[in-house]
Amino acid sequence: MPDWLIIRTFWDLTVTGLALGSIYALVALGYTLVYGVLRLINFAHSEIFMVGTFGSLLASSQFLNIPLLEDGNYPYRAGMTLIFFLVVILIIAMVFSGISAVLLERVAYRPLRGNGDSIGAVALAFLTAFIVSLIFIDDTQVNVIISLVLTAPIAYSYLRIFKRGRKAPRLAFLISAIGASTAIAEAVGVWGTHGRDQYQTARILEKKTVFNLFGTDVRIDYVIVIVGALLMMTALTLFVNKTRLGRGVRAVAQDAETSRILGVNVDMIIIVTFALGGVMAGGAAMLFTLVYDQTRFNIGFILGVKSFTAAVLGGIGNLKGALLGGLVLGLVENYGSAIFGGQWKDVIAFTVLLVVLMFRPTGLLGESLGKARV
Amino acid sequence: MSTIGNAFAPVRDAFDSIGDAFHRMNQWQKYSFYAIVIIALYLAPFWTDIPVIGPIVDTPGTQFSTVLNDQVIIFVLVALGLNVVVGLAGLLDLGYVGFYAVGAYVTAILTSAHGNLPWLLSLPIAVVVSMLFGVILGAPTLRLRGDYLAIVTLGFGEIIRLTAKNMDWLGASRGISNIKKPPSIFGLKFGVIDPKPYYYLGLTLVLIVVFVLHRIEYSRVGRAWVAIREDEDAAELMGVHTFKFKLWAFTIGAAVGGLAGVHYAGKVGFINPDNFPLQLSILFLAAVVLGGSGNMYGAILGGVLVAYVPERLRNFADKRVFVFGVVLVLMMVFRPEGILPKRVGDEHKKRQRSSQNEEVAQ
Amino acid sequence: MLLEVTDLHVFYGRIEAIKGISFGVGEGEITTLIGANGAGKTTTMRTISGVRTVTQGSVIFDGQDITKMAPHDRVKLGICQAPEGRGIFPGMTVRENLDMGTYVRGGDSAQKAADLAHVFHLFPRLEERISQLGGTLSGGEQQMLAIGRALMSRPRLLLLDEPSMGLAPMLIAQIFEIIKQINSEGISVLLVEQNATQALRVAHRGYVLETGYVVKDGSGHDLLEDPAVRAAYLGG
Amino acid sequence: GGDDASGNGCEGDLKIAFFGALTGDAGNLGINIKKGLDLAVAQHNAENADNQLVVEAYDSQGDPDQAPALADKAIADPCVVGIVGPAFSGESAAVNPKFEEAGLPIITPSATNPDLSKNGWDIFHRALAGDDKQGPGAAAKIVADGKMKVGVVDDNSEYGKGLADIVQESLGDKAVELNSLDPEASDYSAIITAAKDAGVDAVFFGGYYAAAGKLAKQMADAGVTATFYSGDGTLDVGFIEAAGPAAEGAILTCTCAPFDTNPEFLKAFQDANDGENPATYAAEAYDAASVFIAAIKDGKTTRADILEFINGYDAAGVTKQLKWDETGEVTGSAVYAYEIKDGAIKGIGLIE
Amino acid sequence: MSEILLDFNNVTMQFGGVTALSEVTLQISRGEILGLIGPNGAGKTTCFNVMTGVYAPTIGSVTFNGQSLAGLKRFEITKAGIARTFQNIRLFSEMTAVENVMVGADARKKSSVGGAILRTPRQRREENESRERSMELLKFMGIADRAHNAARNLPYGYQRRLEIARALATEPQLLCLDEPAAGFNPAEKQELNELILKIRAQGYTVLLIEHDMNVVMKVSDRVAVLDFGKKIADGLPDQVRSNPDVIAAYLGVDDNAS
């Protein structure tokens, strides 16, 4: 056997690749779900993930009051305390991401679907007033107060515009998504306590080796990430395939109008979809902070692009495809870096995508949604 | 109709009625209108000297005439090219910055890094090479539909940037400096400081591109593009060689993107891979859709706005990008077809008569 | 009256497609709407199902005002439609498509199995294709699937929008038989048809729509005999 | 007052401009620099009521794309007679030719790319040594510390890669090339695996502090015990925050002086900034500004005169003796080493 | 009969387990109107799809004008002279009616990007030809009054006719219509009948799928019947109408009065 780095370190790379791949996969689920239902690349999903990491941050630093360092070392916890803390952080991250995903839908997409409601109108009105007030005054508190005052009348007129109920073309959704993504990330970058700097999240799990795989030490955090991701993925797949609501999700994905006629509450299904995607992203965010214990206002951007790539690689709209795509991408990146050097990592990832799509134009597992005939 | 009266309708309708007025003009009026607009555009660097208007248009902190060239002209050129790909042929391209980079890099390589050609000579070469890249990207991927194409093009843009960043031959992350400038003619000196000659050159390029694209759009080729966008299967069954025309769309788009790159490189004299980030592709797309995807003049307007407004809003400093994001959402919510949407047939006459069958979706 | 529509106005953007129509469907009756292309029949059906919003007027179902009710709640009340253009879920199998008919019903799998058997009895073709994807069915098969799916919801009021479109002659005759049969089981039917002769034959009551107005109404039999109607819609 | 005595077209007070990032990802660095500049100008203004100077800030966000329009604005403003900046090497390459043509003198307190001084720009000066000095210095320190096998990593940026390449070259066969990482990425395990595989006893990272922090931490997590070395891009408390306990013992180099080199400056700075210590490059910026101020005090009011004054300047600044050779490199500069100890940056002296 | 235009030779088409066509042999002569009928799911649309290159047959071959269609791309088949309409309308909705037709007319044109930029004489000639021919076709179909309306704004009947005009614009030798009368009322069907006859009078060969016997039997010269993917009858309308197999499988009752 030749003495190449990739061969010497194969299992090492495999474990770390799978861990990162699991996170890609969880985030990819959100893209795939929303894409399946709305045919929309939810560009802002990366920001939902980012919000989740901040949810973890707040959970550990504010709700659980865990300091970053205790006596110069990390505040490790063990046993039931550890499990309790991890669960709390997980739930809070999921809640943060879930809620922001649902809000995002209300504000940036639902009005474009032609049935915007008061939540969307109020949020958009507030934002309008806010950016207009920025022109005149540069004091965030004053801006907020002015905007709050102006929100009601503006929201009222927005609601009336919404009533016209015209569905926007697909590209408009994409641009709205891009706008929302930019705005969310920038809001954190501008008004976050550390601005654009990195934030550290508390590190309560000691990263010990739990077992040895072909000579490679496997750390506990990697095990948690991989197992956690698989569990969440399984739960989601069961939900979508076995429950009535899940059936509704699939139906809306294929034909929203008919679903409505058959008694499916389409708006609710869309909310459920975003919430599910958000919750998965929140889970991913918590696992992410578990391994890397840091975050930043733009942490979602690259990860989002990668996860979307993973979703497409596996076959967008296909839940199993998201899993496969994520894992494949994580591995390919790691192996590729070992062979060609880290600077070629993304080139390798995209090249693999290109090659796969050339031979399988709808991804590794194909779209799960059948196509209509000519 | 009767039930829907609201305060915003007039604002929205104002755009429509401007367009309507234009459509009602006769040939002679249209040509004079064009002439006036073009002259005014060539005089744009001096707009800041006009009382009242000057302070309104001037960009705080930055040189207005530099912004006109470096930001506005570049974005307009790029938006024109991308509009062919996205707006007309309906191919979602998220890696358009790649072609822009190719144009700039070819110029840089030929005039500085590995050659000594004059800028003018590098121009056609760079445009042709960009087109070649269009073919290289397009040929294997145009089979893909919709959003698969989007992610592949996105990857392509990144591959171009990262390759430039990782190859010493391409200057790696240092970039390439001392790129040659356009030749001085008509007493216009293409120096380092005065941006006006570049702006005149850029505007001329824009006008040429508009002229050429207009001719293509209203021809068999343009019709094929729109047919593909509307229903690719049906188009093919009506005898449209879809692959060929999609490839043409890519190639022409690439040519215009490359041209923008050449102009950019000639002006700044120094490029590096960080000038061509993924985010730029997204901004380009935003420009096209914001202005009115499928309508060349809409794309131009979108390009101008996306390039100019952030400069005008420099006062917002750190909050600029945030404001930009919110504005994008608001624009899409209230003007989803863009500011100047494409008009199909004689819709405007309809609006005047406000008769039946107007906003009929299929 | 099971369904009462009064002075209904519906817009598409700025275009008024329905300009104030009134009609009703009696309990246990078959009512038909006929009219040329673009008269507004489909729009009316979609408005009753709740997927188009009403600008003016009211829709009363079983004494309850449902003008502003969400579509899924109407299905719960027992209004189900086999839409024009069939609306088959292309990526679901025939079986899954039929299951979607029971979406709001939930529960009781024995009942569902019986309904399924009933549908397969009416359309044996569907049983042969049970695990084929809806999108790959032929036009007529899709039409059968759409009707079968609507039946699966056990509606009180069944809305059928051009159920005979794209069906072979033999099946057309069969469809009208099926409609009668369904009706005899106590389900009220609102039927939109281009095949006006057949529709009026089975209908207790008919309405003629023209460009958004009701221009004529009467019993199915009367309309069938009406010379103006014959000339315009029944091919002389 | 600069009442247009010298015919340079300026009506009003003369301006010394800051050029660099105040906002955006790299904003911190620019803010440090601007504080140094502000301090120098404030001191001057306090002492010379009749000769007030103004600081004008051009916020390029460190982006070479935005920089030209700002540079043109600066050039078009006749009152701007000197620039402290541009802060980054990338934007310098884009706009320095403009300043050269306009004859507008610049002194950069932070752009350390060696190539910048090779363009023959007369207006170009820097207040600290370039990476061609820092690299060998860092390598010397690593060797002096007795390291035998050094993994060299960079962030593939112009600065980071440039520095890492020089370090690698200076280390000769002690160096193990570990290639580049993406500073925006979160996971560096592939590179760490390679480092582990190579069995290095030190790692040199060329790049900025955020990535350095992540790298140092993940290395420690993966059980790599090699000492962490890096350059001036990492010389920021952000590094310690990001790396946590893993930062302990890391060695950083900089051609910039430790903040406490000059007690007088330290005190003045602390007084002006609520007791805050001057961060990286603040002292260099103060020096750069002082040179312009000296020129103006000397009665020079045009760009050309000021440029001539700078080229002939030779006096002690707070960080070093300020005298430039014809390429714009400051003579007699040195490389300092710093160590992370007890969660703080400590200067550990000049590298021989 | 006269010259054979399309020869469907022993074609079998399978989709996984489903056999949509089995050993179908069918000839269409130049100049005739052939009605293709059969129960739902018999394979009629599949025939179209095989002919127009949407599907490649599992077994068998299709020859058109003596040329095999095997391996031809869809647009090449159109250029070879087969045009079709769709069972569900598929117009280019954001183009005007006349532009829709011009897309069809362009199929026979050659000029491309170069010609468009330079406005070469050929390009201008072709452009004029396309436009004039398209307008003629719209007039022919009786929908010229809405030539400059977006296709999506046209009433249903107009859209159906526009589809036919667009198909005719490709200058086909064989025009395939898939249920053109669907959704038409009897009066509209009557007009359609006349239109189809008019089209034939112009020298086109027509293949017509339709379930309405009032249309099929009135306009067809010959009728072929498919059932479960097999051809069960092929002959003059009256023969087919009284064929017991056809009655059993398709028509139900012999009487077709209305």
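Read from first to last, the chains carry the letters A, B, C, D and E; within each, the first residue is number 1.
Everything that follows uses one rule, which is that a contact is a pair of C-beta atoms (placed from the backbone, for glycine too) under 8 Å apart; a residue touches a chain by one contact, two chains touch by 3 or more.
Not measured: the values here are computed from a predicted model.
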{"item": "Other chains in touch with both chain A and chain D", "value": "B"}
{"item": "Chain at maximum distance from chain C, centres defined as averaged CA atoms", "value": "D"}
{"item": "Pair sharing more residue contacts (C-beta pairs) when B-D is set against B-E", "value": "B-E"}
{"item": "Chain A and chain E, separation of their C-alpha mean positions in angstrom", "value": "48"}
{"item": "Chain C and chain D, separation of their C-alpha mean positions in angstrom", "value": "76"}
{"item": "Interchain centroid distance [CA atoms averaged], chain C/chain E, Å", "value": "30"}
{"item": "Multi-chain contact residues (two or more partners), chain E", "value": "54, 86, 155"}
{"item": "Residues of chain C whose C-beta touches two or more other chains", "value": "13, 136"}
{"item": "In chain D, residues with contacts to at least two other chains", "value": "24, 27, 156, 180"}
{"item": "Residues on chain B engaged by chain A in the complex (per definition of touch)", "value": "4, 6-8, 86, 92, 140-141, 143-145, 147-148, 150-152, 154-156, 158-159, 162-163, 165-166, 233, 237, 278, 282, 285-286, 289-290, 293, 315-316, 318-319, 321-334, 336-338, 359, 361"}
{"item": "Residues of chain D touching chain A in the complex", "value": "24-25, 27-28, 156, 179-182, 184-191, 193-194, 196-197, 210, 213-214, 217-218, 221, 223, 238, 241-242, 244-245, 342-343"}
{"item": "Of all residues in chain A, those that touch chain D in their complex", "value": "5, 8-9, 12-13, 16-17, 20, 68-69, 72-74, 195-198, 200, 203, 207, 217, 219, 288, 291-294, 296, 298-299, 301-303, 333-334, 337-338, 341-343, 345-346"}
{"item": "Touching residues on chain A, where the partner in the complex is chain C", "value": "164-166, 244, 247-248, 250-251, 253-255, 257-266, 368-373"}
{"item": "Residue ranges of chain B touching chain E (in the complex, touch as defined)", "value": "212, 215-216, 219-224, 226-227, 229-231, 233-242, 248, 252, 294, 342, 344-347, 357-358, 360-362"}
